[in-house]
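First up is the structure itself, then whatever we jot down about it.
As written, the chain order gives the labels A, B and C, with residue 1 at the start of each chain.
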Amino acid sequence: MSHFFLHTTLGLVILTVLECLAILVPLLMGVAYLVLAERKVLGAIQLRKGPNVVGPFGMFQTFADAIKMMTKETVIPSGANRVLFLVAPFLTFLLAMIAWAVIPTNNGWAIADINVGVLYLFAVSSLGVYGIIIAGWASNSKYAFMGGLRSAAQMVSYEVSLGLVIVCVLLVVGSLNLNDIILAQRHVWFCLPLLPMFVVFFISALAETNRAPFDLPEGESELVAGFFVEYSSLAFGLFFLGEYMNMILMSAMTSILFLGGWLPPVGIAPFTWIPGPIWLIAKICFVLFMFIWVRATFPRYRYDQLMRLGWKVFLPLSLGWMVLTAGFLLATGLLPTTTPHAAAIAASAQTPPAVEAAPSEGAG
Amino acid sequence: MNWTLALPEIVLSCSGLFILLFGVLQKRSEPSFACTMLTLVAFLVTGILVVVAPDGAGYHGQFVNDGFSRFMKILSLGAAGLAAILSLDYNRQEKTARFEFPVLLLFSTLGTLVMASSANLMTLYVGLELQSLAIYILCAFARDELTSAEAGLKYFVLGSLASGLLLYGISLVYGFAGTMEYAGLRQVLTGGAPLAAGLVIGLVFVIVGLAFKLSMAPFHMWTPDVYQGSPTSVTAFLAGAPKAAAFALLLRVLAQPFGHLAGQWQLLIEIVAIATMFLGSLAAIGQRDIKRLMAYSSIGHMGYAAMGIASATDAGIRGTLVYLATYLIMNAGTFGCILAMRRRGRALTRIEDLAGLGRTDPTLAVLMAVFMFSMAGVPPLAGFFGKLMVFAAAVQAGLWVLAAVGVVTSVIGLFYYWRIVKVMFLDAPVAGAFDHRAPSLSFVSAVTGVATVLFLLVLGPVTGAAQAAAAALFG
Amino acid sequence: MILTQIAFYLFATVLVLSAAMVVSARNPVHAVLFLILGFFNAAGLFLIAGAEFLAMILVIVYVGAVAVLFLFVVMMLDVNFTQLREGVQRYAPVGAAIGVVLLAELVFTVARWQVVPHPAPIAAGNGLPPGITNTEALGRLIYTDYVFLFQACGLVLMVAMIGAIVLTLRERPSAKRQDVSKQHARMPADTMEMMSLSLGAGTTGNHALAAGRDGFLRPHDGYGAVADEGGPGVRAPEDHEADHHHGA
């Protein structure tokens, strides 16, 4: 049996598909309950109850909304570029999903445990802007277009500091493999020694996902709904799903880069009894709660303030911190010189990663 | 690794960064003049370092220091320094005196130094890009003038095309030879293996790319528009140091790695040189604008200088180097005179505006006449010796056609240079005297004027240095 | 491996086709999107060649940043391509002739491919211990052997940056700038004053009525936004000193 799954082509394909399902099904459920959680948390902060009618504690509210959305008519505006108009939501949704291929959920557990996992994640997250800008342009509507342009400028700006923050982490780890990054946090999570970068990363993640207080691309009060103002029905649903999946992805990235991923807070008995995936999920939930908390408490930024923060504050800060980190590591001789052997680590894990499947998937 | 080899470049780039920082911090106090002065000091220091820098190759076969690179670097630094002085008053008068000007000039010059020291096709490309990119920006420096913006854009687009061709050629060469180092290429080519067609095609593309930068026919079309549209202080620089550096590249690439393929490229260079000389002299006749005329004149000069390469001998390369040295002197002087052409605060560029200059400002007129005659190759002025040496080299190499074309086009050239002298001395003045000359222009024109007239006195040392440089190239 | 070959031909075909579409697409936005598709397929080819770092960097830099800006500009400019295309017919013969020459040269080159008896060794692959990842190998080459070129490329990029600023930055003296630290440092006492009013007297005198009884707060000046020097408008005297250091 194990021979079939690990050593024949067909078996490997089936195994990979199963792995994908094992990630995606919980992910989609996660989105459903994230939406609910957001409404509940916002309600609690604003001293309301939030959804509480459909199902016990409003548990089925999201599903009811989904059914409503799917039964609506898909309206394509006249003058819209039909193909691109429909491609955009799919693109957003697709990109939000394929990023999960490299997220390790336990020691060596990832669909594709590739060497350049961080770069892959960064690449996929930097592509997210296309769904938005194409949607904005293809809608043939000025509000949508304004929203698309705003988000393009915003995401490109914050990507720069995001990349520099990632470089800081990479300097400390000496590897681009996500599993290596987590293993390097066995003794101390990076959120402590790299605290300023953790803050910069978190705020940039808010901007990358177009979340409040940086939700200018969709700012209701100025642009109606921004880039997806013309979307309805399933196309809107896909955008919605993609956005929330991106939120979860960014939370997962934050957990992996700064909060030790699937590692327990301390490596002693009661904590190590809880399996790695549970720890990862717990950390993701914590970061997501922060996302929602921020949304409930901060007013929206003005656009020039947003740009100022990205280019004039975060960029010099992260650049300076990167130089500082490199200098400190070099001066103390802590600079990792050899790559931690990803292969050896993977061999000790229970499930061998399907490494070969990675490149073709990554490119597709 | 002997990193001190590139000390002049390192010092120059560091001082460039320092000047930029200085300019930004002193923004409120109009730091353009101070930055230009600092740039001149940086050029001077770099020049001294170039002279004392040790010979040798370094940086993993990407960088080489020898007599040739030293000669070319001194030429570049000198030309760039003169251009920087010329820009001082002109930029102020044209309200384009921003501190970025000398900084960009400095980085462009840095590019020419890197080009002169290239020992690898990658170094060649990076140096060329550094030099070109800074010039594209300088061409569009007077951003509120439509012509300047157009010149910058035109130069940028065509220059990118040339860079593309160059890169394509480099990639072909790399693909067929397996290396980009000049020494390695030389080894591959002398190894006795049959010559790959792709290598020759690559070489042709490299030559085309460089010919583009040198504005040699048939790749000259950008030159007149860019010369005319750019601010004149930029044109003065554009016609000087970058040309010398591009020639340095062409000479080094052809003589060192591809020296054994002389049979392959000699004819090509010969044809290009003939076309360039004809075009430069014929197209210049009908020009009304002196900057445009200078563009065609510089095209023609590139043709003469290429004549020395076409002969593919030591003497030919020596001739080319001497020619370039004289050209840079005359060029700086001529632009000093052109920059002095302004009436009531407005810069003039039409040839008619020179009418009667012999009566209104005899000093300027005499200087201009000296430069014009020198450019035409009238003995005993500087231009004559350069021409003489390349013609002699061509004749020695048996390239009679080339030499004959050179003589014919020189005569045609004499005609249009004479026309300017005629306008200055024989025509009646139409609109009164020029404004008072800025001291920087007088200084440059006077220095280069004296150098042009008395070139005979320094002919020996210059020829000796050029001889040593040529020997280093072949040795 | 047959799968790799299939992938290679797939990527290569799509790459060539999308490159052709870039130049032939009628809509400039479509052209940019095809360019992006081309980048992706090039990244795929890099992956097949085992250069995973280059593949990812290609996607991050070109697709994630450069092409976004292309798209941005193309969408904003609203280029009228029918007008641009008027010139095409005039220059088509020349362009076609050059294309044919280039094609002939390529055919000529490929046809004589076997001229080189054995492929020359590529210098970059040498001297690396086994087990080193692609990324590390590149890093070692770039930061040790090619450090001179690396720094020179850095200078090229810096010149480009200077250029962008020189050609586009216009300092408008009238522009209002926000100084966040100044806003944060502002205390209510600096900007508000307590006024006490007797009923029906109004606020005609500014300071005459500023005795310390209960009254209301009155703002001094604009909320931290100050004009650069020479700007219009009245400013409180304490702004002058703070102005000098936030112009750059």
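Everything below uses one rule, namely that contacts are C-beta pairs under 8 Å (C-beta built on N, C-alpha and C of every residue); 3 or more make two chains touch, one makes a residue touch a chain.
Remember, predicted model here, so these are calculated numbers, not experimental data.
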item	value
Chain-level touch network, classified as line, ring, star, complete or other	line
Chain whose Cα centroid lies at the greatest distance from that of chain B	A
Whole-Å gap between the CA centroids of chain A and chain C	22
Chain centre separation in whole Å, for chain B relative to chain A (CA means)	54
Intercentroid distance (Cα basis), chain C paired with chain B, Å	33
Chain B - residues contacting chain C, complex	6, 13, 20, 24-25, 27-28, 59-60, 62-63, 98, 100, 103-104, 107, 110, 114, 122-123, 126-127, 129-130, 133-134, 136-137, 140-141, 143, 152, 172, 176-179, 184, 188, 193-198, 201
Touching residues (chain side chain A, partner chain C) in the complex	84, 114-116, 119-120, 122-123, 126-127, 129-130, 133-134, 137, 145, 148-149, 152-153, 155-156, 159, 163, 176, 304-305, 308, 339, 359-360, 362-363
Interfacial residue positions of chain C with respect to chain B in the complex	105, 108-109, 112, 115-117, 119-123, 145-149, 151-153, 155-156, 158-160, 162-163, 165-167, 247-248
Parts of chain C lying in touch with chain A, wherever the complex brings them together	3, 7, 11, 29, 33, 36, 40-41, 43-44, 47-48, 52-53, 55-57, 59-60, 63-65, 68-69, 71-72, 75-76, 132-136, 178, 180
